[in-house]
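Right after this note come the structures.
Across the two complexes that follow, chain A remains constant while its partner is chain B and subsequently chain C.
Up next is the complex of A and B:
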């Protein structure tokens, strides 16, 4: 359904005012993946990793610098119009809607642009409003909508013309936990009605709960690919030890990384304390050697747990 | 059929989407009160300097003021989408670009027509300039053609909006150029040669001349040459505008020049 083959995208940017200097920025560096019919495929990666650029190429908004991409067998460069007819796309955030129009009129306009026939429009708009839970609120102007409602409307617009493939770029960003949970259910429902979905997100639990397969992108390259279970198993392997500390310095973190059996150490700032997340390989218990390296540092709670997708993700994107 | 729907219904909905901030009171102030001020200013200057009749200034300025909605509103049909971050959604839709953007021009043309017609009426009433009822219909045709050609120029500015953000500055500049060059207040014959040559390639110039002729009792057939040239100028600008939109849309895909979503 979706196929990316060695896809690359380079941006040109300039610096300086008088002596302008042109720079090439490689946003996507030859990524390849494929998404099967009815699959929910996740693209994970930090900010600036190339997720949105990849989506923009797949939805025909950007031309690849090199490589190939096909959606439903249509080339995204040579056959852009055919691709556009068959895909839906949802960008996260609360912009991108006509604020002064009602939700109904927003949908009506895009129904016209996507060639949904006049007699089918009303029925289809009612269907998608029902699906995203905005039925009864459709006559209100969008400017009065909450962020969650706007995001639902984005999704309604994305599936209005009944596309086979839906691209969702961080659809739950900035939405409150309850609203985000509803949106995740909505995304899961898309698969049950036969859609193929490509999702980008920063939220690991979201990817873990929703995605059949995941590709992790870092610095424009795919650094890991597989089912959530495979990623967790392949990367972390052993266990994760979490240690609360107060005022740890960089030198100590470097020493911790040098402890035998430690594969990665990340520091999470939490108000006045830090949380050290230490990933270890193998089954060996490393709590004592780790605490020995923290001599002189005030230590709080220490816990050991199974690796999560987030651990796998952190290990992948921080690996040199 | 789908293209017709995009042209008519799409054009209308998008106009509502982009211009519903314009409440009746704002609309009245910008597109009815302001042109009357302009008419009065130039008419009183004309009277004080003993230059031309009030009718000359009423017709010239009422017609010229149609440039404001035609240029600004047409430009806003793309700049406004960019501001609201809806442009990406429009450009990724499979809708044909011709009905999509020309459909947006239709309400703009009607807006320009209304502004010019109302300014003629109110400006004339205030200054005591009366037009025989027999000239109403031909005058309406001339006003419509001028709005159309002016919107053609607006389409070029709209197209530039796919590449640059400062299209409002350009619109202001164009309105100023039209005020000087198109014969609204200074007859084209009195302009320096180089300016007069430019005038003939600008919208409004031929329409203002035709409107003055019609106001003096000439029939529409007497001014058909002028109207033909006015329409021709408008069509050239509209075609150029669509070509610019096409070019910059392709460029935006190639160079990522649009910050979309």
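Up next is the complex of A and C:
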């Protein structure tokens, strides 16, 4: 249904005012993946990893610098119009809606653009409003909507013309936990009605809960690909040790990375303290050697646990 | 997908949005009245009271052109800020078709300027509203509005590629007023400016309206409006396609 082959995208930017220099920024560096029918495929990566650029190439808003991409067999460059007819897409965030119009007027306009026939429009708009839980609020202007309501409206717009493939770019970003949970349920429901979904997110639990397969993308490259279980399996056999510390410096973190059996160390700032997340390979207990490297640093709670998808993700995106 | 349905729904939608903008309503209400007042005093001080309707039509058309120009210029930029430009590009119809109704709606709202100017002139300055050819006037008015809207569409297409091209709008307001003969006759302009005037729909629009109101040949200017309107459709279809392709290559469709 979706196929990306060695897809690459370079942006050109300039620096300086008088002596202008042209810079090439490689946002996507030759990525390849495919998504099967009825699959929910996740592109997982940190901010600036190239997720949105990838999705924008697939939905025909950006031209690839090189490589090829096909959606439902249609090339996204040569056959953009055919692709556009058959896909739906949803961007996260506040923008992308006609603020001064009601939700109903927004949907009615897009129904016309996507060729939903006149006699079917009212029924279809009612269906999607019901599906996203905006029934009863559709006559209100969008400018008065909360972030969660806007996201629901984005989804309603994206599926209004009943597309076979839906692209969701960080659909739960900035939405409160309850609203985000509802949106995740909505996304899961899309699969049950036979849609193929490509989802980008940087929320691990979201990807873990929703996706059949995930590609982890970092610095424009796919650094890992597989089912959530397979990705977790990449760090399986190892353990994760979490150590609370107060005022650890970079030199100490570097020393910890040098301890035999340590595969990755990340530092999470937590108010006055930091949480060191140390991933280890093999079954060897490394708590003592790690604490020895922390000599002179105030240490709080120490815990050891099984790796999660987040650990797999961190290991993949931090690997040099 | 019916082309007419897309145009109609976009037209109605844009009118609804313009109707909810206090800024737009305020400027649309005040600007023509200010233009009209200045124009009437200019013509009165010239002692040519018989040409007050001539002045009223010119002042009204100034408002129509300003609304079309800033509406079209701002349309793409505003859609870009709002994040809806990408939605228009990624929709199945061509970009020219998606944005045609927006331009037409902008020009249509400009008709208010003309009406307000004529009413203001009648009430405050006693301008006689006797029209030599009322039916031809009724035909010339929508023809002018549509031709201006289509010209606005050509301008709008350039803003797809250039993020700050709406600065161009500011440059084009006064020169087009002058080159189109909205303020005074183009006969007093240098001869080399004639081809520029002939290429401008406002020139033929005001000619059609003045001839319909004061007497003179209307069909010639109407024919030219038709020719320029068709030319604008052809040009904008090409430029929208070209600039959309370039914007996808240069990544200028969104702000991020």
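Simple rule for what comes next: the second predicted complex is superposed on the first by the 317 of 320 C-alpha atoms of A that agree within 3 Å, B and C clash if a C-alpha of one lies under 4 Å from a C-alpha of the other, contacts with A are read in each partner's own complex, and residues count from 1 in each chain.
The definition used in the following text is that a residue touches a chain if its C-beta (ideal position, glycine included) is under 8 Å from a C-beta of that chain, and two chains touch if they have at least 3 such contacts.
None of the values given here were measured: they were computed from a predicted structure.
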Chain B and chain C placed together on chain A: clash or fit? clash
Going by the contact rule set out at the top, does A:113 touch chain B (first), chain C (second), both, or neither? both
Answer with first, second, both or neither: which of chain B and chain C does A:169 touch in the superposed model?
first
**OP:** Give one of first, second, both or neither to describe whether A:97 is in contact with chain B, with chain C, with both, or with none.
**Re:** both
*Is A:11 in contact with chain B, with chain C, with both, or with neither (first, second, both, neither)?*
both
Dual-contact residues of chain A, meaning touching chain B and chain C, are 11-12, 59-63, 81, 84-85, 89, 91, 93, 95-101, 105, 108-110, 112-115, 118, 157
The answer for chain C against chain A in the complex is residues 1, 5-6, 9-10, 13, 16-17, 20-21, 82-84, 86-93, 98, 245, 248-251, 253-254
Listed in rising order, the residues of chain B that touch chain A in the complex are 2, 5-6, 9-10, 13-14, 16-18, 20-21, 84-86, 88-95, 100, 253-256, 260-261
Within their complex, chain A touches chain C through residues 11-12, 59-63, 81, 84-85, 89, 91, 93, 95-101, 105, 108-110, 112-115, 118, 141, 157
Contacts from chain A onto chain B in the complex sit at residues 9, 11-12, 52, 56, 59-63, 81, 84-85, 89, 91, 93, 95-101, 105-106, 108-110, 112-115, 117-118, 157, 169
